[in-house]
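One structure follows; several queries about it will come next.
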Amino acid sequence: MSVRVSEADFDVSAEIAQLTAGQTNIGAVATFTGKVRGEAHGRPLTAMMLEHYPGMTEAELQRIETEAISRFKLTASRIVHRVGTLQPGDNIVLVITCAAHRHDAFQALEFLMDYLKTEAPFWKKETSADGHGTWVDARASDDAALSRWRPKNI
Amino acid sequence: MSVRVSEADFDVSAEIAQLTAGQTNIGAVATFTGKVRGEAHGRPLTAMMLEHYPGMTEAELQRIETEAISRFKLTASRIVHRVGTLQPGDNIVLVITCAAHRHDAFQALEFLMDYLKTEAPFWKKETSADGHGTWVDARASDDAALSRWRPKNI
Amino acid sequence: MIEVQIEARQVTLRYFAWLRERTGVSEERFALPADVVTVRDLMTALQQRGEGFAAAFAQPDAIRAALDHVHVKSHTAIGRAREIGFFPPVTGG
Amino acid sequence: MIEVQIEARQVTLRYFAWLRERTGVSEERFALPADVVTVRDLMTALQQRGEGFAAAFAQPDAIRAALDHVHVKSHTAIGRAREIGFFPPVTGG
């Protein structure tokens, strides 16, 4: 179980290999890679800057990962999130979940992404072709996605 | 969009790179890797043999992938399934889904795995430490997983 | 002349996993008997082909079939299919 | 003596994304006014620190806060927290 904030890119195969090396109780490995798209709200995007809250970011990611481990039968997991200036096509985030069975791996993967999107302190600023920078607005759909993991209202 | 049946192993990063090269409309890449576990039903497992139905396998995988593309907003997808003799820890299957947004990638990934598990003509034979070979039984839980993608009974 | 052609129609049969092991056959050409209409009829006919086939087809409900690479139910008519595959429920992935 | 200590308590304030840009500050030491109890009280006090801070904190409902790296609601009492972070709703992942 580990989290990492980094300017450097990641390699999905290498990260999986680290998590699964020598393990023979892992039957399911699920990954999610988030990438910078080439347009935002119909405008071409030339760069994306990712800012975070050093100290709090690592604490939040650890907390989210610990919560996932308590809810799902995970053998291993990893969160890697990049910061700094990225280009369209670049990787932003990697989440990996390893479990004996696929259902736990899938559920934990979606849980981790839903929490990461709404609670980990990262902020994106998009630069369009004319050099104009815009802070990305939070999406209501991300808050909605999170609500499914919470106890139902009585 | 592609499917492949192969005795050779696969590399997750290389397969993702092929699917995403030059694309800037992909914001989400989800993968599932199925692996051979070191025990089955409480007994240590020394090898797993995977048999398939050449011709029908490729046709079924194509059909399943086409169905996923019709249901979800996918930019690209890939299914790779190994056959032959595998050891604990070896990769069995890889499914990759690429989409603009993560929800489509996750839904399509689970859909593809649920259909692959119940409709693609592969059969596993497990060899235990004493050399005894056992054909794996189909799991009722896999049939149950499939039912969620079907229209509800009226 | 037409009846003779129907009686003699040759199909390819393929067997997988424990069906292949029990029959001792992976693939064969087979002359469809005239009274065989459905996949289930064919399973019943194959049961009569000796010990291996009797063991393989002893529990027809545990067997799945495909006509020309498409999954079918056992009550499906074989029709003009050229290849019939028999196998246990699938266990890949 | 105790009252003097409360009035003078120094905390670290941190600002992110457009809050950092509008205030022109990423991190500072700040003496908590004695009448500031909750995070929202602090936002109101910070609004009075000139044009940049007024613009940054003009819509307090659009701002999130953390006490010592833990997300809190704006009605939360600051208590003994040593670091208060202000930022927009997060947009990572």
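Going in written order, the chains are labelled A, B, C and D, and every chain counts its residues from 1.
One rule holds for everything that comes next: a residue touches a chain if its C-beta (ideal position, glycine included) is under 8 Å from a C-beta of that chain, and two chains touch if they have at least 3 such contacts.
Everything numeric in this text was worked out from a predicted model, so none of it was measured.
Visitor: If each hop has to land on a touching chain, what is the smallest number of hops from chain B to chain C?
Guide: Between chain B and chain C, the shortest chain-hopping route counts 1.
Visitor: Suppose you hop from chain A to any chain it touches, then on again the same way; how many hops at least until you reach chain D?
Guide: 1
Visitor: If you average the CA atoms of chain A and of chain B, how far apart do the two points sit, in angstrom?
Guide: Between these chains, centre-to-centre, one finds 23 Å.
Visitor: Find the geometric centre of each of chain C and chain D from their Cα atoms only, then give the gap between the two centres in Å, rounded to an integer.
Guide: That pair's centroid distance is 76 Å.
Visitor: Would you mind pulling out the distance in Å between where the CA atoms of chain A average out and where those of chain C do?
Guide: Result: the chain centres lie 50 Å from each other.
Visitor: What parts of chain B, by residue number, touch at least two of the other chains?
Guide: 34, 113
Visitor: Taking the complex as given, what residues does chain B use to touch chain A?
Guide: 11-14, 16, 20, 23-39, 88-89, 100, 102-103, 105-106, 109-110, 113, 145
Visitor: For chain C, which residues are in contact with chain B within the complex?
Guide: 14, 16-18, 20, 66, 69-71, 85, 87-93
Visitor: Considering the complex alone, what residue numbers of chain A touch chain D?
Guide: Residues of chain A touching chain D: 34, 50-53, 55-56, 59-60, 81, 92-93, 113, 116-125, 135-139.
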